[in-house]
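This is the structure I want to talk about, given as structure tokens.
Letters A, B, C, D, E, F and G mark the chains as written, and numbering starts fresh at 1 in each.
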Amino acid sequence: MQGNSQQQAYDRGITIFSPDGRLYQVEYAREAVSRGTASVGVRTSEGVVLAANRRVRSPLMERSSVEKLHKIDEHVGIASAGHVADARQLIDFARRRAQTERLRYSEPIPIETLTKSVTDHIQEYTQTGGARPFGVALLVGGIYDGEPRLFETDPSGTPYEWKATAVGGDREELQETLEAGYSEDIGLEDGIELAVEALVSANEDLEPGNVELSTIDADTESFETLSTDEVETYFTDIEGETDE
Amino acid sequence: MQGNSQQQAYDRGITIFSPDGRLYQVEYAREAVSRGTASVGVRTSEGVVLAANRRVRSPLMERSSVEKLHKIDEHVGIASAGHVADARQLIDFARRRAQTERLRYSEPIPIETLTKSVTDHIQEYTQTGGARPFGVALLVGGIYDGEPRLFETDPSGTPYEWKATAVGGDREELQETLEAGYSEDIGLEDGIELAVEALVSANEDLEPGNVELSTIDADTESFETLSTDEVETYFTDIEGETDE
Amino acid sequence: MQGNSQQQAYDRGITIFSPDGRLYQVEYAREAVSRGTASVGVRTSEGVVLAANRRVRSPLMERSSVEKLHKIDEHVGIASAGHVADARQLIDFARRRAQTERLRYSEPIPIETLTKSVTDHIQEYTQTGGARPFGVALLVGGIYDGEPRLFETDPSGTPYEWKATAVGGDREELQETLEAGYSEDIGLEDGIELAVEALVSANEDLEPGNVELSTIDADTESFETLSTDEVETYFTDIEGETDE
Amino acid sequence: MQGNSQQQAYDRGITIFSPDGRLYQVEYAREAVSRGTASVGVRTSEGVVLAANRRVRSPLMERSSVEKLHKIDEHVGIASAGHVADARQLIDFARRRAQTERLRYSEPIPIETLTKSVTDHIQEYTQTGGARPFGVALLVGGIYDGEPRLFETDPSGTPYEWKATAVGGDREELQETLEAGYSEDIGLEDGIELAVEALVSANEDLEPGNVELSTIDADTESFETLSTDEVETYFTDIEGETDE
Amino acid sequence: MQGNSQQQAYDRGITIFSPDGRLYQVEYAREAVSRGTASVGVRTSEGVVLAANRRVRSPLMERSSVEKLHKIDEHVGIASAGHVADARQLIDFARRRAQTERLRYSEPIPIETLTKSVTDHIQEYTQTGGARPFGVALLVGGIYDGEPRLFETDPSGTPYEWKATAVGGDREELQETLEAGYSEDIGLEDGIELAVEALVSANEDLEPGNVELSTIDADTESFETLSTDEVETYFTDIEGETDE
Amino acid sequence: MQGNSQQQAYDRGITIFSPDGRLYQVEYAREAVSRGTASVGVRTSEGVVLAANRRVRSPLMERSSVEKLHKIDEHVGIASAGHVADARQLIDFARRRAQTERLRYSEPIPIETLTKSVTDHIQEYTQTGGARPFGVALLVGGIYDGEPRLFETDPSGTPYEWKATAVGGDREELQETLEAGYSEDIGLEDGIELAVEALVSANEDLEPGNVELSTIDADTESFETLSTDEVETYFTDIEGETDE
Amino acid sequence: MQGNSQQQAYDRGITIFSPDGRLYQVEYAREAVSRGTASVGVRTSEGVVLAANRRVRSPLMERSSVEKLHKIDEHVGIASAGHVADARQLIDFARRRAQTERLRYSEPIPIETLTKSVTDHIQEYTQTGGARPFGVALLVGGIYDGEPRLFETDPSGTPYEWKATAVGGDREELQETLEAGYSEDIGLEDGIELAVEALVSANEDLEPGNVELSTIDADTESFETLSTDEVETYFTDIEGETDE
């Protein structure tokens, strides 16, 4: 995306409309999302899969500190893409929101309710002056009432529900892979394989160690993170298939 | 609408008047409304019809998450067009307003009262600094005292009452179809058909699954949403008529 | 009015003086008033007449929702011209002010007191930063102590008292008609006719249905709105006179 | 006064000094005063005279609503020139100030104390950001301790005491007339005649009906307003003199 | 002083440093001081002399209202030069400060303490945003513990102590006269003569009536103002000397 | 890094996104970090090593006052690089945070918790208006539950965990040395040697006296600072090795 | 230092980073320090010496009012250089801080604690909007626990500890003289001589009367100011030495 003089006129001070009805600061925040590595979510009949490509810039960096998947509560997790420090703010917001729900109603928060609390918070940063929008997109996945649910939040503060989707860099390619491989009755195992396949489709040299992968099982309703060894088996499966 | 240098002078910082007495930020917010897909409202003798074209950008996206029709209270619903995240703020505002009325007076809120609360809220964002206007138009439909009512709110914060109207993209064409097909004694069935006909008039390839359709019946005073199958029957009716 | 570069320098941020001592934002707000359709007020010996041309942009729009005449209290009404959403704010302000007076003193508010409360409120928006002026002019008409009174408020926050005047588009022409037809001992009937005549003088195709007309009678001290049928009789009278 | 690019640099946002130590916003506010019609004050041995030229823009406008002379308290009045809505704010401020004095000390407020309260208030609007200066000049006249006093306030917030002076348009000419006709032992009658003469000197076509005239008598210490008939007699006197 | 484009860059919004470490808004405020007529202070062994040139712009203006010398408390006075309305704010500040001291400690405020309270107040307006500096310089003269003291405050908020000095227009010339005529053991009579001589040195046509002159005697510790007749005698003395 | 006109457009007022989704003010703050001398952290099996190059600009300056290593609590220390005064603010913030934890839970604060409190604080300065980002990077090292941990905070507010890393000037070269010399089972002694080696690799003339070096031992869980003499022995070791 | 257009872009509104990671407003504030006359501090084994060149612009100005050395508490003093009014604010801040310590703990404040309170205060003015940095550098000298200490604060808010240093104009030359003449075991007498020598090295015509000189003795822990006569003896010593 190239900046020209007309655009520049609409991105200073506070977030305002351009003559054609666009909010450039929000669109630039979407560019910040595209600059991050991808995260993928797949909703299956047995639960939700969240996966992320975590880029590590040195062998001495602890992979685990490049956090792109976050447990929010027992039954819900969030995968992020974009500006890392902004993501942390929204993750904290979501955790406090989930905790408040448990304290007040002794109930897990519905996935949709949680998502919409987050998007309302994001929207405020696009309308009121004195702050910039959040440069981050989230995938909110979890189980509520036995039902797997998967939502996306974007920098404008709009919530979308998905069967499977990707946020961050190379989104188009990942989405194509997901659309090609997805079916309604897919199970958790196949969902994980599809998520890994999507990440690999946009980055052939991706190593298992750089993939963060979690599931929220519809039966147990609990957030589980796979070890690198477990992730690796899905890489082998994909290669196997590809070889066939 | 083309932006030139004179216009640019009037859309920065806060919303101010141009030399010819216009508020450009409000007009740009109207452009944001035009960028959205259309919503339609039809007031009939038996109740109000709200319908919307919901564009889904991938087969994996859940149609139901592209919310353009919102139940506000038992007896009132809102259809929106424009910036989705802004619409959510106004919908929340309207729901809280309706709830407060019930709590205070144990009465459903009058449709006109609700609409004007919303437009007053919208107007503030066009006069006081530190925020931008809402980039959204709403159709507020409902029953009060047995009477069907249909209102529109625009980004300037002006309320209008309609027999039938459309907001969002292709408004002109939809309005022409509505004017041609409307009569005062129309019933709910014909009202639904007219709403669908209007949406199709501006978008021939529109599929029933992409139409969201609700009614608020004057007798039951309750907000009901039609299934895709039910919506489809009205498509058949229109085609039948067209064929004749 | 043409905007040139010198003017542009004085209408940004807050309302400030230009080198020749003018407040451009206030003058631009007056332009916003001129963009609206006209409202007329006539003070007669028997009461005050308020009339307005309400433009309806579609046959499906409810005329009654294009509100230009507003009852403020039993004994006082306001006609507006200009930015509709701004007018609504001032109408609300005036209603609350009148109500407060009744609560505190169990008395109807004097028309002059009410007008000056409104203009003080308007003036603040022209001097203090962080907001724009109101783009609206009002005609405040009512009875106090048996005396009919008619005031105008303009976007600078100045109050004027009139025997008869017009605000909004084509003001010059309307004012000429009023000056030609007004006499001190005019009664309510003749006042209504003069108001209608003025509106028609600037818009020959004006239909009775697009005229909103109210009176505040000096005897009953109550705000009454005429039906379209009643309005129509005054159109016939005018045509009769013109034919003579 | 012509605006050039250097001046423009010093009149935005808040009121700041120009390189040559001037406050342009204050000077532009003085231009706003010059745009108004003149007001005159004459201090005589028997009391103070305040007179104003009130321009009425239509025969249907009530002259009395073009208020340029204001009673502040029994013993003090103010004549204004410049931006009318701004004047109203200062008049209200002065009235509240006088009332407070009466409530606290059961005493009429000294004329000098009142004037300096007003100028302190005006000065704040020239130093602190977020507002523009007042575009108005006042003549504060009254009796305290039996002594007639006459003060001027200007848009910078400086108080001056005068024997006789004028504010508003054509000030130079009016001041010349006052200097030529004034003597220390002048009585109220001669003071009124001098005030009228000054107004006429700058505007030969001035009609008695357009002159507002009040006195504050040193004996009665009360603010009295002359009727148009009374004003007219002074016009005759002047003509008589001129004829001689 | 000529304004060029580089300077303009540093005088907007808030007071900030220029690349060469200067505060232009403070320097422009010093220009505002130079635009005013001069005030002079002379510290003698017997007390302090304050004198000022008060320019009167019409024979009808009351000289006494052009206040440049102000009694602050029994034992201390202030002479000002520059923007008159700003000076009034600082005079009020000083009076309240002196009064507070008397109330709290039943003691006259030390001259140095008073001066530094005022300069601290001035400094705040040069560092914090949202306001402009004070365009005024003060001479604070008084007696404390039997000692005559004379201080200057400038628009940056710096206090200086002097034996004799001048502020306002033609400062250089006045200071030369003071340096030539001053000696440590000078008495009050000679101090007055020196002050008058300095004012005359920069303005040969100065009339006694335009000189405001006060003393604070070291013995009586009280602020006394000289009548025009008394002032005149010192003019005669000077002429006498000059003639010799 | 060269500033061009497009970049300049995005770094004024508040921190906002550029069209390509970057936050220039944050990137410029990273430049401020690069302008500082380097700090190094090494996590070993026996504890954490923090080392810093402290540049002293005169032989008369006290080396100890150029603080780059700071004890935060018994079990945790921070090394900084970049804008010194900003670092002091974050150090104070971290100390108060650690103290609060001890007061509330009578427990040492977990290293990760402390780090994330600091990064949340940093992030706020990159999103909300009215302030600039912190121009500083920190290395937070300590022991929690017997485990050595080492974190980095950058000006965007992102936390990273490392085995060994450097912040400040010449980061690339230092990181290369660390990557070449690091092994998982390294002990404290070797860790210190590696840290010194890294600092020397980027600055061959570095003297022992300009190296600040502290350790947090996993057994004792206490922050210890080495004397210049102790530091010197590691210089000898390196030279010894190099000679071999 | 020359201002060019790139720099200008980074010094408006609030203090922000330039593309190369610098804070121009802070650097300009350092220029304001360089514009002031020098102050010197020397730490000896027997106490601390503070000395300053006070420039007096007229023989009638009281030298003592050009305050550059300030007693803060019995055991600590501060010498300043740069913008005088800003220095006064920091001196007041330091005095209140020292007083608070005495009140709370009945103990003299440690010199380092005092210095860091001041630098934290200074730093806030470089990061938060709405104000400019302080244009002043301070030398904080005093005794704590019997130990002489000497600190410097600069406009960025960084504290440094010194054996001997100078702030203000001609800093380079003064520092060279200090480095050449300083030795660790220097006593108070030699420290004073060195301080005077440094001031003279940059200004050969400096007169004893323009040197302000104070000591804080390690034994007595009290701030003492030397008379001009005492200062003069050190001038003689230097000349003596130079003559040898």
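One rule holds for everything that comes next: contacts are C-beta pairs under 8 Å (C-beta built on N, C-alpha and C of every residue); 3 or more make two chains touch, one makes a residue touch a chain.
This structure is a prediction, so every number in the text was calculated from the model and none was measured.
Asks: Given that chain E is a copy of chain G, what angle of rotation, in degrees and a multiple of 5, matches their CA positions?
Replies: Result for this pair is 50 degrees.
Asks: With touch defined as above, tell me whether chain D and chain E contact each other through largely the same residue numbers, more than half shared, or through different ones.
Replies: On the two sides of the chain E and chain D interface, the residue numbers are mostly different, under half being shared.
Asks: Can you give the whole-Å distance between the Cα centres of chain C and chain G?
Replies: Roughly 69 Å separates the two chain centres.
Asks: Using the average of all C-alpha atoms in each chain as its centre, how far is it in Å between chain E and chain F?
Replies: 55
Asks: Nearest whole angstrom, what separates the Cα centre of chain C from the Cα centre of chain D?
Replies: Centres of chain C and chain D (C-alpha means) sit 31 Å apart.
Asks: Can you pull out the residues of chain B that are in contact with at least two other chains?
Replies: Within chain B, the residues that touch at least two other chains are 12-13, 129-130.
Asks: Round the ring starting with chain F, chain G following: which chains, in what order?
Replies: Chains encountered around the ring, chain F first and chain G next: F, G, E, D, C, B, A.
Asks: What residues on chain G touch chain E, complex-wise?
Replies: Residues 1-3, 7-8, 11-13, 24-25, 28-35, 58-62, 64-66, 83-86, 88-89, 92, 125, 129-135 of chain G touch chain E in their complex.
Asks: If we count contacts the way the header does, which residues on chain B are in touch with chain C in the complex?
Replies: 6, 9-10, 12-23, 116, 119-120, 122-123, 126-130, 151, 156-165, 175, 178-179, 182
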